[in-house]
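The following blocks contain the structures, represented as structure tokens.
The same chain A turns up in both complexes below, where it pairs with chain B and then with chain C.
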Partner chain A sequence: MTVAIERTLPVRRFAFDWSKPVFISLVLVLGGLVLLPLFWLAYYSVLAKDGSLSLENFRALVTDPTLRKPYAIAMGMALATGALSCLIATPLAWLTARTDLPGRGVVRAFVTASFVTPPFLGAIAWEILAAPNSGILNEIYRWAFGLEQYEYLFDIYTFEGLVFALSCYTFPYVFTLVANALDRVPTDLEEASAMLGGGVWTTLRKVTLPLVLPAMLAGGLVAILQALTMFGTPAILALPAGFHVITTKIWSLFQYPPKPGLAAASALPLLLITVFLIWAQAKIIGRRGYTTVGGKSGAARITPLGRYRWAAVAFVTVVLSITVIMPYLALLKTAVTRTVSEPLTWSSFTLHHVNFVLFEFSATRLALQNTLVLGVMTATAGTAIALLVSYLVARRSVAGASLLGYLATAPVAIPGIVLGVGLFLSYSSPPFMLYGTIWILFIAFLTIEMPAGYQQLSSAFKSIHPELEEASRILGATRMMALRQITAPLLRTSVVATWCFVFIGTIRELSATILLTTAETKLVSVIIYDLNESGDLGAISVLGLLLLGVSFAIVLLANRLPVLGGRRITALR
Partner chain B sequence: MKHFVLAAAAAVMWLAPHAVQAAPPAPYEPDQALVEAAKKEAKVVWYTSTDVQVSEKMAKAFEAKYPGIDVQVERSGAERVYQRINQEYGSKIYNADVIETSDAVHFLVFKREGILAQALPSDVAKSWPAEAKDPDGFYAAYRAHLSVIGYNTKQVKAEDAPKSHADLLLPKWKNRMVKAHPGYSGTVLTGTAALSKLLGWEYFEKLGQQKVMQVQSSTEPPKKLAQGERSIMADGNEYNLFLLRETGVPIEVVYAQEGSPIAIGHAGLLKNAAHPNAGKLFYAFMYTQEAQQLASDVGGLRSFHPGVKEKEGRVPLSKIKVLFTDPAEVEKQIETIKKKYEEYFGT
Partner chain C sequence: MAFVELSQLSKSYGKLTVVDRVSLSIEKGALVCLLGPSGCGKTTTLRLVAGFVDPTGGEIRVGGRVLSAPDVTTPPERRNMSMIFQSYALWPHMTVFENVAYGLSIRGLSKADIKTRVDNILSVAKLSPLAERYPSELSGGQQQRVSLARALVVEPETLLLDEPLSNLDANLREEMRFEIRRLHDQYRYTTIYVTHDQAEAMTTADVIVVMNQGRIEQAGSAEDIYKRPRSEFVARFIGGTNILKGRRSGDQAVDWGGIKLTCGDGEFAAADETAVSIRHHDIRIATNAPVDGLNWAPGAVSRQVFLGSHRDYLIDLSNGETVRAVAPPDVAIPKGQPVWLQFPPEHCRALAQ
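Now for the complex of A and B:
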């Protein structure tokens, strides 16, 4: 009906419609952001040392075992991380979304905390906890059983340790998708199962789980993607163990004498793998109809846990202690003790590290300032662009608007380190000399965060029916006026949430950053990494806690993150 | 006409260093004019690979002596500092005023590429031996330190501790050792060159089978010893061991029977420094007796200044078998060293 009214209206010529110019400039900006680094990456990968074009670098990639092996290890690591994340997150999500587990809100808050924690910081915390000889947990183990030195329970510097530390910070992706899917699983199907005599567990196994399986697989793929493209955690845990994964290998190719061509060539297969994973994920998510059949039916069915209640509480407590509570306590303890292995007592208590970081270490202030300025800039610009893009795509107001959607999603397929290489090649020589300024980091962060921002806002737009805007336009408003007066106020919560999301994303970033910072453009994440290479764990803990404090303050300010299952706008669906 | 004369004089002065490159410049002592000019610039940026806590103390000492001039310390591993200055100079970014790394090869390259300024602080001219400074006055040794073996005295008794590099290959040290990486640390690159020449690559091949914990910077193995994470360090900085031992951490230095590689850490003033006067002032300060004494006291670094007195309990350099390396020779071997190393140690 609304469509018919719009058609009969005369087009208003006197008010300039900005859609077209905005569309064209967005295509140019996003296209530039994504395509320029990819172009240089491809160009350098086929550039021989003497400046001619050749496939020399790709030949090295296939024949050199020191390049092939990191790929194999990285694939194994990523798959294992995906599996482990699903194993942890699925029961946790079910317990949180669909049972009478006490403290469900607390669980969600802790999962959010795990999401906000930069993975490299978590990896360092796990070094403190589970290094074979000095790790706190191993100290306790030896003390409790009266064992000799060198006996240990955990060794974080192993392939298994690496997978574990990665999973601690990738499981929230699975949790989110599964919890959201569980919120939408139609209760009538479950009730039908119950009426036909299926017990709680039969219903769970035969109805609920199959319905959320796609969400779990999709979450698992995100976890695999994250693990595969991460730099910090493997650099901290795999290098001491004496093996490379692909991201650390690419990074090492920039050491003296640098081999940017080989680095570019090694980055391209990683790009192909991520494109494949994204495609697979889209295929699975595309079957969403499957999970939302009859989605209109009432509130989610809550399963009483009965006598399993305490077992469930124990499971949740263990998971949250491992992923959040223990690492935070370890950082806190390390921040105020002289050396890592000492127990915290009155005599070993010291403010030396706090003092060093805040007053002696000259990089702290600049890095904190850069991190915050860049975080705010990226979050603001990123949200604004994502808002415009998702509006144009959702309302299809310009022909070819969906192209914008693809451009905004494309960076998700570019691993951070690959983007870092591409951006360094693009912006370290004329005509674009941005290396050494914060603008190259700004571009990197904007590109990296664009897909997440766009996804958030486009789903928010989908939840607001166009008829409200149409009503406004019938009453004489231009497209921009309608956007400002009607849509913007309705979207405020989502916009704030997106802003926070992007802000946290920039603070966590290390994979691209590590290749792009200089002395003047240091970020907290990079100085934490530098300090780790010289073994200053106390200083790292202080800086890490400082960074976490700021991140949490920002999250609290915006007070909820819809992606992580906080309350979402339910009105206007 | 007057302008022309000035311009011509300027041109001659600009050309002068190029024309007489073989000769070192006249030694200088910071005078009031230099201090004033430096204070106007208010800042000096120092790229260093010395341990961060030591470098920050040096910076604080300079700031106390010349109030109003801030020192920005940029600490990273020697190879990272080198990688960074190359990336930056390749992009015409001139952040650094003074550069210092523990890899003497870098200064051969810097001098060849012409990015250093000639500057000869009077202390260097007066007291530095010829091997510890550039004959043309482009750089000089700010510090030297050994790469040594070390052990945690709580975990290993003195009589059981390794005495030589050969001892490190004993089966009992499997899983017990930590070492730094030649791709990251200039000290370890120099040490790997020295030891592979002396003991052959078989030594590293066997060491690689000992399941050694691989860290990056040569400042890190001493810290892993202090934590008790590993009992023996196969290589790493002597000065970090000194510093930790002197605060009561149970660790001890071993000067291997075969000899201990020495890493000479040169410093140089950059030609395109953003703060040329402050840079020159800081550069001179680094070689003064007070600064060198400070580097020895708080840094445990070895100094070429004859006035520096070493702390009790530190074995003087003259009583240690020291392995010197020729940086020109190391430069030719870098690719081989990195390749062999990855083959034997995995990264």
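Now for the complex of A and C:
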């Protein structure tokens, strides 16, 4: 082998490598977002009234029945909600994914709609429908049977009513997971069973359902998690009924006189429970090969329903009416009649509430403005951070990049109300005095939405083969050029979708907001909650429909993205 | 003079060494194939040459200039190379024309000049009618040709190909092998081609470099590698062979479990243990006891399969070993029948490792 004698000077990389500094600042930002509130939470929970360290807050948590009971009720409520969600969603998912039920696309559209509906709005809609005195359904019942004013059929202000209203909102989680799993169960597994003599029902019972059981369990856990950590629905339905769940109890500890230490101590067990639920869910979903049995074994097998067809249609209609159609109609009706119980006729029709909300009620304008500003800010900053994080993680351009992924995912296990407590404790005293400004809400929303944004964009990055960037590099493009000319156009659709997703998430947030908002920083969701306290359901309906309108417009926009996102995006595999 | 030189090139990830002190000189205009099983380090070697991976040891020189060394690495965009990727890596948001024009517009050529060059290469690659299509509207073979055209249009000094045919179906793959060789003969770029398919390597390469566990096992022409393998790995990897493990007995012979094999070729291991390689089709099968000649052994047919162009035999020998042999299709010996095998000395190759 010849030895090269002339050695020209090697070309040095003089372009500055940005990945290290970007990585470090992202670790600091995300670490700050996640760890700071948790630190103050832990610190305050062991702080006694006289400023010394003690466990008295935790002692109170165990001994004080007014603290213990809300936990017990919340657990019962969450478990019941999980069970009811599975019970409703699993048959619905099977009918939609695997049978010849007419109008299957419509079912999926309606379930998406109930996903988009803010849960507290659903609770208010059910107040309108089933409050014992003024509820529309009870009015109809009394009218139909000629009964006295004190008679009623439904009472939403009960434990059962609460579980029901929560399930209306949580069942889509189970539905989506189970329907996706059913879409993915390879047909040949079912055909194998049929070949061995298993009839339609045997195959369903012995093969299909066991295969989607993990998805159902995982969905049930999500439903439990959602129910347990939600503030709005219990605050609207349980407080009038005279009982607390843990989220409303924590909130009440901030009412005058505030007991932040006790609130912090009450929040910690909730955090542990959610961490456990997330862990359990990941465990169940993580056993791939079982749940997401991959396979391109053709289209899913469709079971003909035969004579059960109309029974199935009736079931689906009832479920969708209860969860989506009736609440929406109730809101619509309430928005344009003077009182809830008044029937909608030409004479009772009024635009009074619209006028009130949009022009007379002074708080609306500020709240709308705050909501919009916060939504845009959070969506933009959140998407930008999630984009950087998922790029660094997906391309492993820095050692330890996966740490960022964990930090960005961590908030998924922090309930909104717990984060609210933590942020309040972190930013209500110097050096970071942010309480009372919209910045504390911005930080809260950024933290809450980070996992979802990161999840979306990291799967988008995974679908872009690294070789696409490398092909551009080897043809002479620098790293930045490759990002601008190749990666950015391919990611555009996902970026816009993520932005919309985060925006919708922020404008409906209430659990953390309720602790962090002040008179100057009201949001639409808070106004709705306040108006509910004063019983102004007409105004709520107008605001709620406005919120829904904006959300649906954005979802539609996000779904139509190929128009926005440029030409053929079908990634080459 | 060597154009691309790898010297003592190494790449480790933590304790795992993927490329282990690889040294290789590639003449200007030569087509070199890196051949080996998956995980042998061939793709990492290619990515080291491309500049996507920084070496942990050794260096890469192209035209006498050091491009890669542990402390200094020229980024891929300043290496004047082109690469064809296993996934083709066509940009789905650009038309065929835009894909091919990309490298030229980065080089700052005028619009008119770009059009002339792209049109030219598209017609060479028989892609002119597809210029305005998007990659997702092309067949696998067409995508492959776009990928080739995109790499060649910038007239690189060095062309790198990473398993370029592995996503094509068998017929197309065979056709494209010859196409790649034809284009290479036409443009004479210094080319490094990575594959795990020996037929692909033998069709296209001037020099085949067989790699295993991060190291080069043997480099040479296709004929060289096939006829004169230097290690058991190479003998097994290129073409079917029997590896007979025995002890050295005398100058030119190996004692293989009581059967004495005289070897006409190869190097014996310094120690006692020596392996002998003999290709399936070089073994002779006879039904009668031999009259004369070396390297005969008795045995019995344990399996026989008719494969159209030949018959495939598995034969249990008297020393307890089993060998595989092929015979012309008309030589049909039923299972169980005693036979005599000859291992002709000129085809027995002793292997040092």
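Simple rule for what comes next: the second predicted complex is superposed on the first by the 525 of 573 C-alpha atoms of A that agree within 3 Å, B and C clash if a C-alpha of one lies under 4 Å from a C-alpha of the other, contacts with A are read in each partner's own complex, and residues count from 1 in each chain.
By our rule, a residue touches a chain if its C-beta (ideal position, glycine included) is under 8 Å from a C-beta of that chain, and two chains touch if they have at least 3 such contacts.
All of these numbers come straight from a predicted model, not from anything done at the bench.
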Once chain A of both complexes is superposed, is A:332 in touch with chain B (first), chain C (second), both, or neither? neither
Based on the superposed arrangement, let me know which partner A:403 touches: chain B (first), chain C (second), both, or neither? neither
Classify the contacts of A:467 with the two partner chains as first (chain B alone), second (chain C alone), both, or neither. second
According to the stated criteria, A:520 is in contact with first (chain B), second (chain C), both, or neither; which is it? first
Touch test for A:258: chain B only (first), chain C only (second), both, or neither? first
Tell me which partner A:362 touches in the superposition: chain B (first), chain C (second), both or neither. first
For A:489, using the defined touch cut-off, is the partner it touches chain B, chain C, both, or neither? Pick first, second, both or neither. second
Using the superposition described at the top, list the residues of chain A that contact chain B and also contact chain C. none
What residues on chain B touch chain A, complex-wise? 45, 47, 51-53, 56, 59-60, 70-77, 79-80, 82-84, 86-88, 90-93, 95-96, 155, 175-176, 181, 183-184, 211-217, 219-220, 223-224, 226-231, 249, 334-335, 338, 342-343, 345-347
Mind pulling up the chain A residues that touch chain C in the complex? 1-2, 4, 6-8, 10-13, 15, 465, 467-468, 470-479, 481, 485-486, 489-490, 566-573
Could you list, by residue number, the parts of chain A that touch chain B in their complex? 66, 131-134, 149-150, 157, 239-244, 248, 252, 254-258, 339-341, 356, 360-363, 366, 424, 428-429, 433, 435-436, 518-520, 530-531, 533-537
Within the complex, chain A is touched by chain C residues 1-2, 5, 7, 23, 25, 50-52, 61, 64-67, 69, 72-79, 81-83, 85-93, 102-103, 106-107, 134-137, 143, 150-151, 154, 160
